[in-house]
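The same subunit A turns up in both complexes below, where it pairs with subunit B and then with subunit C.
And then the complex of A and B:
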């Protein structure tokens, strides 16, 4: 008897299930992420002929030339430099803060629930967005402004300015560590207790356990957080470059220039993350 | 035999007591705690000030030197806020309703779309899996404003202007949440799923009965962040919503700004700020146990 050939082999059936589960996300991603992503590249080397229908014709790489060595570089280069510098400074600080906080709140200690809540409150309100609402430019509230008014009343000018800067920096860093803390806590709690018990039997103290067990076991999470924080810093809605791009596209309707900026920035970010990943990948310890 | 067991239990209890004691006594630990608590107090200052200002009566708002804490709390600022905004064609409650509707639809949609996608990306057979993953990571780094024009035109062509869909659907399938979920879904051991499969569990069962309960901390986190992002979104409504009746809270609160009497409305600003931040706190408190009890129930040791 001839073997019946069906279109749905087991292999295909399995792939179908995969596609079915991924379909809603794939559709949304293609339409609202990938399509704008690709068209913005075409825009950056093109010229719009019909805005409503998004028709364009090829216009060469003039926008990029202008961004690197032409008129547009005057705005673009300093904004890029500031963004990269901020990333350099903030990423290690955010990593240290989020690691410290998660180590503290995952301790077996009475009342840790309340501590966790306190730690999480600013983290939650932050995530960048609420921060914009409560403080910063274009806000509906001037809360930090009022606090500074309060500080200035009691301290002299220099000390008040110093305190203000420090306050804003610390608040900003804490408020941007949300996702990182969650990832770290997950990683810490996934480490089996037996490791610590074995170490304690061998007379290790908590300090040794931190360096010899927790940190090595956590290294994949540290790496993930490192990459994530760099990415987050680059895509943050309030860094000078994204603000510049938003300005160009939404206020002045320079869509082509804005897109070129977006892509040049994207290339720089990609390079940066790639270099970071290559440097730190070797330090990751995988338990196998 | 019985005696030995008893002894072991006694020893275990003692050990536990010692553990608790050691953590309690440790001086550097307490110092570190105090330090971090100080930093947290420092960090949450804007929030405390916001709450305090929202309940201040008029005379305390403008007193000099400024006061940090409220003396005689009052709800005057809230009633003033409602008054200031109710002169419009739509009642203030409509904005709240819009914001709640947009956030709830976004969160539920994001949850369904991203958990299913992450499940397919990690545990199912899916062609081009690694290529899709590379694209996700790449788009993570893409500055969203550069693609704004295309998104705008897509939404216009779909006829979604001034509808709730413009604010909800595009947000559901972003790359950030699926990236984080994929990291967490990867941790769930394949052996567990295979065991369930051998026992006759379907793919849907694997997703709904195994993956979802086991990765609760991960998606609870995604829910919190997705809610915060959607609730506080300002640019989306600004671009896509012109009709007054469809505006969300952040956009509506812009009405407070400018015009005569802006200074006198300082209390109303604080009340508005409190109203916008309160739901995010509530959602977090609701999710907190789920967010933080991470991985403790992953089913393996």
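And then the complex of A and C:
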């Protein structure tokens, strides 16, 4: 009898606290995100009748049809393809680079503080006007210019341009792995020293420790960085599709098409992130 | 955990300090001592050589590490050098094509001019307030929400987490028009910082999703006994969160506060949309103003490059200082997760 009358079972109580914890975010979502999202979706299926106050009427899914199979697809599809291809290539490289760098500066290395500051510089400069002042990521390469001169001197033109582009790409990747390095260093810092001490007592060398302790313990952070890097590459300001959306909305004031592009792009990006997350979720090790 | 030594007497503390110092000095002379004992021992010469080579090999293993690190550092540090160099150049040095990196004469006038042009002191204080409030709100509420979706099982947590990631994916440019409508027409927050600060107190601020994600991953990595022990002792879930989880998630708090700080500091996209009156803006917005005012590129040569670079350096200076201050804590290893293994 008693069991029937109690509404708050232990499990339900736990679930309630879960919702309580999520409450600030839910409120924020309702207050600040729902309106922009709904408006932008309505824009994508509507037509602005009066820009003042954003009055609009329903116009059907014509924008989407044109993006998938109509006139707008001429611009949209190649930009999307390039973005996805870049993501495929760059994400694993960024992860490997940032993991290697953060392992190098993680433990027992005199002067690691200085190196950490240096590897943090891209985060510091990355987003701000400082970067624009130096001329963006392309112009960071004041140093390799001399190297390029030698490359041009010794190789034929095609080889030289290929090598130059490769070098630029690699340096660009290094510049984009700042946040990941910071996150990885934090993750490595959180691994208790006792694990390594125990491993050393059991006669493990540092190579074993890397594979048996550091990487499994770091796997939540690797997963995090994987998802973050994918997301970052999708919404980075210099990928062709964000540039296209920005052009459409802010330069040509073509809000309807811009919103439709945005929504279609979110759908693709979200699908991509979802697939990556589901595939790699199983490889993450959480301490029980 | 950190106050382990609190209840000790002075003598005991001194003894511990002495032991620590002794251990340190032994560690330092380790290689040298091993070599000396190897030399003095009655091994054959070839064996001595082997032993010494092995010790040296272990000691010198870090050399290629440094080589790689220094080579990488050059890539990272080059633009910074470029900026510092240019910020110290006078007009003559900038016009001289043979000068690339180091100015011929150090010219600090750029900094004085930039300081005045930026109205540095006033905007610095404004920006510190805004960024400080945003970061504080972001830290408190993002970690709070993240705990819920990381450690407590409830039906909608998968959906909520997916939505958080979804919001993170959306490029801010696409939502800019409806967002502007919301803040300026519906809520009537014109020319104020509320559109930047208030969402931070709902875990919605700049890159809030990523911060929640970082916290979630850290919380998931913590052992379950940690809060179970507290719960069995009769503490509420919130009590366990504030008193047990947060102290153990300090690395996450530090990473997030550094990242969050830098993002907010450098962010000028949202502020420049919500605040039309530039005199009410942040330091970064002011930097853009100054740079537009000084743009006088002629034939590809920017006469005011020195002042611009000096202004940029001044704007970046506070976050560099804060990073350096936090970095000592950031580097410290967590001794343990607070559990006796």
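We take it that the second predicted complex is superposed on the first by the 218 of 288 C-alpha atoms of A that agree within 3 Å, B and C clash if a C-alpha of one lies under 4 Å from a C-alpha of the other, contacts with A are read in each partner's own complex, and residues count from 1 in each chain.
Here is the rule we use: a contact is a pair of C-beta atoms (placed from the backbone, for glycine too) under 8 Å apart; a residue touches a chain by one contact, two chains touch by 3 or more.
The structure presented is a predicted model; accordingly, all values stated were derived computationally and were not measured.
Participant: Return first, second, both or neither, reflecting whether A:153 touches subunit B, subunit C, both chains, or no partner chain.
Facilitator: first
Participant: Which holds for A:273: it touches subunit B only (first), subunit C only (second), both, or neither?
Facilitator: both
Participant: For A:55 in the superposed arrangement: first (subunit B), second (subunit C), both or neither?
Facilitator: Neither partner.
Participant: Contact-wise, after the overlay, does A:217 reach subunit B, subunit C, both or neither (first, second, both, neither)?
Facilitator: Second partner only, subunit C.
Participant: On the A-aligned overlay, A:167 touches which partner chain: subunit B = first, subunit C = second, or both, or neither?
Facilitator: Once the two structures are laid over each other on A, A:167 reaches subunit B alone.
Participant: Quick check on my understanding: which residues of subunit A belong to both its subunit B contact set and its subunit C contact set?
Facilitator: 14-15, 17-19, 21-22, 24-29, 31-33, 35-37, 39-40, 43, 54, 101, 104-105, 109, 115-122, 124-125, 127, 129-130, 133-134, 140-143, 171, 174-175, 179, 182-183, 185-186, 189-190, 192, 194, 224, 231, 234-235, 237, 242, 245-246, 249-250, 255, 258-259, 261-262, 266, 269-270, 273
Participant: Hey, which residues of subunit B end up touching subunit A in the complex?
Facilitator: 19-20, 23-24, 32-33, 36-37, 39-40, 42-47, 49-50, 53, 65-66, 68, 112-114, 116-117, 119-121, 124-127, 132, 135-136, 138-151, 153-154, 156, 169-170, 172-175, 178, 180, 183-184, 187, 203, 207, 217-218, 221, 224-225, 228-229, 232-235, 239, 250, 253-254, 256-257, 269-270, 272-273, 276-277, 280-281, 284-285, 288, 291-292, 294-296, 298, 301
Participant: What does subunit C use to touch subunit A in their complex?
Facilitator: Going by the criterion above, the answer is residues 62, 65, 68-69, 72-80, 82-83, 100-101, 141, 144-145, 147-149, 152-157, 160, 162-171, 173-179, 181-182, 185-186, 198-199, 201-204, 210, 212-214, 217-218, 220-224, 237-238, 251-252, 254-255, 258-259, 262-263, 265-268, 284, 287-288, 291, 308-309, 312, 315-316, 319-320, 323-324, 327-328, 330-337, 341.
Participant: How about subunit A: which of its residues touch subunit B in the complex?
Facilitator: By the definition above, subunit A touches subunit B via 11, 14-15, 17-19, 21-22, 24-29, 31-37, 39-40, 43, 51-52, 54, 100-101, 104-105, 107-110, 115-122, 124-125, 127, 129-130, 132-135, 140-144, 146-147, 149-150, 153-154, 167, 170-171, 174-175, 178-179, 182-183, 185-186, 189-190, 192, 194, 224, 231, 234-235, 237, 241-242, 245-246, 249-250, 255, 258-259, 261-263, 265-266, 269-270, 273.
Participant: Help me check something: in the complex, which residues belonging to subunit A touch subunit C?
Facilitator: 14-22, 24-29, 31-33, 35-37, 39-40, 43, 53-54, 101, 104-105, 109, 112-113, 115-130, 133-134, 140-143, 171, 174-175, 179, 182-183, 185-187, 189-190, 192-194, 217, 220-221, 223-224, 227-228, 231, 234-235, 237, 242, 245-246, 249-250, 255, 258-259, 261-262, 266, 269-270, 273-274, 277, 286-288
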